[in-house]
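What follows is a pair of complexes built around chain A, which joins chain B in one and chain C in the other.
Coming up: the complex of A and B.
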């Protein structure tokens, strides 16, 4: 059983940690590259959304690498992601690949585990406590990676040498790669902190603060949003990302009650504009925009894959939020044809606009 | 006293629920005003206000709203999250009142009952009665109006299932306020080819988006089968072939009908009318496509967007009908030979 999963945020770190300690062999698809997108584009129906194309590309590359079981996490909501699995399975079978397909539905995780993975665990002689312990470790490791990324978002606008934070960050990720126990993780954490704090910073700067919100996949994955966080950071903007892989999972498992910036809080905040929860991230992205306006951020960037059913509703409403709360909102509709230049031009124009706005407000 | 005017745009779920809505508001003493049939100019009006990320039927409803907004006291745009015990409608429909409210200036007050059939508190009857109370009617009037409306709706659904055309039915209902006793459309069994037509009702029956598909098929002497004519239990049965429960009510209906047409050999060929940027069709269409490929039956997916010219579509339609005819002749010949 050689399982593969699509790339989504820091999930590959989670899976790597898990597989090294207990188990079933995982085939991590190669890092998402232009080739991945090309493969996805070639075989997916034309009017599907961007995440579909990336994920299909991931699967094709993983199957080329020798995976024989595909594990896909889906939903039962009104969003199309719930139908990804049957459409993809059909496409891949049509292409002539042979594989097992496992759908991890968020309402049936336990059942799927018992049916599909439990025998595998017993065959390998891994005890249940061991499995749970390594699950805990993998989660912690992933959390640390996300925390690290959050720090880099905060530090990048202050860095003196452009690009240093990105370099140190990738160094730290490599350092974390070898970590295999909780003890080592603790040591690695302090190491990472000291490395990051050694970056030369200019604390006299007064960077703009912006929030990135929108559809989950394109917000979480730098390959889907053309690395928008790094670009903004290097333009001198302190970025706050609203969605993380762990926070999405935590919301799905209903364990994010105490999170300061939780999705449920955002959904509550959007009540005035959208009295009913439509599903997906529609309410949340409206809510995050409202929350960040209240917290005094300078701007909001909404990311959506072109044609997203839910975010297109949010996009219309955000126009009104922008007017009511007096906060600039920029919407990026991401397609596979969006060039780097477009993104950079639009972003720098947006940043300029907000800087001027701040100047006029200060005087 | 002048009666209250309630405006219903001729778009989206109009083609599913018009008899119900119309009867309900008429029984409550309101005058129902329906927008003009879609034309190019209606659609272009919609473009000016609608967002560029949404599909054409939504842009179309913007145009229809602009058409009637000055003539009515209330605009009726239901917020339909789910019209079935275990399914969703398109999520864009659930956010539709907001999309319109925040984009179009100078709107009359809106009646936007929230319908979610999965829960008892938000059923269609309850949601409509809230709308009725806004119009200032009492419980009894609403109750009576709803039961009459439901009757009409049931009749509408029954007659659709018997094979009467949705377009004829809604047109007759709009003209007279009731359905005529005798069947409107003759069941045409004698057509040279039988074509199954599937798609979302709002793209299939819209006067602009369907480019007179039904008329053209009739002229070509083809008998048409639509998904409305397929009984619910057949759809339920057919959909089980897919490993997963299809949670979009309309998508489920389309897929079930398509599988039924293919399996039972009711139709010689299948036409799928879909709109550019429709999220549901982008997932359902591939499934139908795979199935037709596996069964090697003629299939055509017509994707319509705002730039689609009629000429190209008509040529494709003619070519498709020719293919279906030739295949039919060939298979008859083979059967004779063997």
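Coming up: the complex of A and C.
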């Protein structure tokens, strides 16, 4: 069995770390590239959302690489993601690929998936404590990667040589790639910290502070949002991202009680505008915008795939939030046709606007 | 003076209006409807809504704009789900919030939820009880109004199942003595697949009914199926569609594809409708696999010219008549 999963945030690091120790064998799709999107576009129904197109592209490339089992999460509405599995399976089968399809349903995870996983473990002769230990390790490693990314968000606006943070960051990711034990992870962590703190910084700057929120997939994945965090960082903006792969998992497993910026808090904050929880990240997007306004951020950027059912509801309401809380909000509908120039123009206009706003406020 | 309750002529109006109207009138309210959708309404609605929303919602905003000065209350219920295993569109879940946060000033909204999902269930009868207490305290009167509404709704759906078009079914539904359809003609039948607010709004669907009928065909629609029939059809799929209208669309398409009487299927969808992008795909996948019934997928948007539509429709009907001739000859 050669399982493949779509790219989502740092999940590939988690899966790699896990499968190296206890199996089963995973085929991580090639890094999401323009070719991935082209493939996805070619075979997707025309008006589906952007994540669908990326994920289908991932699967096609993974099947080309020799995967024979596709694993995909699902949901029971109301978002479209719950129908991804049957639509994708039909498309891939019509293309002539042969594969097994596993749908991870949160109501069935215990019954089918964990049991399967356990059988695989026993077949390989790995003890249960070993399995749990590597699960713990994989989680830690993924956490560290996300933490690293958060550090780069904080540092980028201060860097003296533009692009240095990004370069050091990718060096650090390569360094982490070979790490296989908790002990090594600890050493790697201090190495990463020292490397990052060696970046030349100009601490006299006062960068703008912005929050990025919106639909999960496009917020988490730089390939889907055209690397918006790096671009903003290089324009001198300190970015705070509201959604991470680990935070989404933590929310789903209801273990994010102590997180100051948890999704549940955001959902509570949106009550005035959206008394009913609509699902997906709709309420959270509105809630995060409100929380950021209260915390004194300079602006909010909402990212959504064009036509996203849930986020378009939020988008409508965010205009009111922007007025009520007096905070600039940029809503960004992402499509496959978005060119780099469009993004840069819109972002720099938004940043300009906020900078001017700050100046008039200071004087 | 009786309270004026405004009902926008859009979205779920096309499914539940008989029930709403009879119920509200039974409580002594005056029901005020907006006019049929017009071009101005849609442009006004599109002007205030964000561009990502679908056409029916933009039209709905237009209806509210045209109503808001004339009424005391606006009826914008929050339909979350109408059955246990399916949701309505997420845009309906947030509809009152979108309306309240986009259009101002606005009369108070009647925005109680209907929800059959989760722990906090609000069934249909509970919903009408709540709405009723806004207007009178007499619970017996509320119950009677609701029962009368239900009866008319049943007649209305019965007529629709018999193939009576929307407007006619509305007026006939008052009379409970003959809830039956019209006699079938011998013209070839076309199956029309879509949501109620697409099938029945002549402006949004660019008068596709008349266009098809004028070319010598009769029409059967998604609304001619009973709930059980939809469920039976849908159970053939490997996974159930969890949107109420999506279920109806896919279920009716499967029925039409398996029915030799239906010579062709037209699938209506709206640009920017998140669900229809998948429903249409599922429909076309299964229709293709079930045989050679021709399928025409139409996606509607805010462009007004219908030249393209007529060209495609005629080409499609040509294919059907050629197929018919081949079968006969």
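The definition used in the following text is that the second predicted complex is superposed on the first by the 360 of 363 C-alpha atoms of A that agree within 3 Å, B and C clash if a C-alpha of one lies under 4 Å from a C-alpha of the other, contacts with A are read in each partner's own complex, and residues count from 1 in each chain.
In this text, contacts are C-beta pairs under 8 Å (C-beta built on N, C-alpha and C of every residue); 3 or more make two chains touch, one makes a residue touch a chain.
On a predicted model such as this, the values are computed, not experimentally measured, just so you know.
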Simultaneous placement of chain C and chain B on chain A, clash or fit: clash
Which of chain B and chain C A:136 touches, first, second, both or neither: neither
Touching partner for A:35 - first (chain B), second (chain C), both, neither: neither
Which superposed partner A:48 touches (first chain B, second chain C, both, neither): both
Chain B versus chain C as contact partner of A:206, first or second or both or neither: neither
Partner chain in contact with A:78 - chain B first, chain C second, else both or neither: both
Chain A positions touched by chain B in one structure and by chain C in the second: 45, 47-49, 76-80, 82-83, 85-87, 90, 94, 273-276, 278-280, 282, 304, 306-313, 315-317, 319-320, 333
Chain A residues within the chain B interface of the complex: 45, 47-49, 76-80, 82-87, 90-91, 94, 103, 273-276, 278-280, 282, 304, 306-317, 319-320, 333
Sites on chain A touched by chain C in the complex: 45-49, 76-80, 82-83, 85-87, 90, 94, 273-276, 278-280, 282, 304, 306-313, 315-317, 319-320, 331, 333
Residues on chain C engaged by chain A in the complex (per definition of touch): 49-53, 78, 80, 86-91, 93-94, 97-98, 101-102, 113, 237-239, 241-243, 271-278, 280-282, 285, 299
In the complex with chain A, residue positions of chain B that touch it: 51-54, 79, 81, 88, 90-92, 94-95, 98-99, 102-103, 114, 116, 242-248, 276-287, 289-290, 293, 303
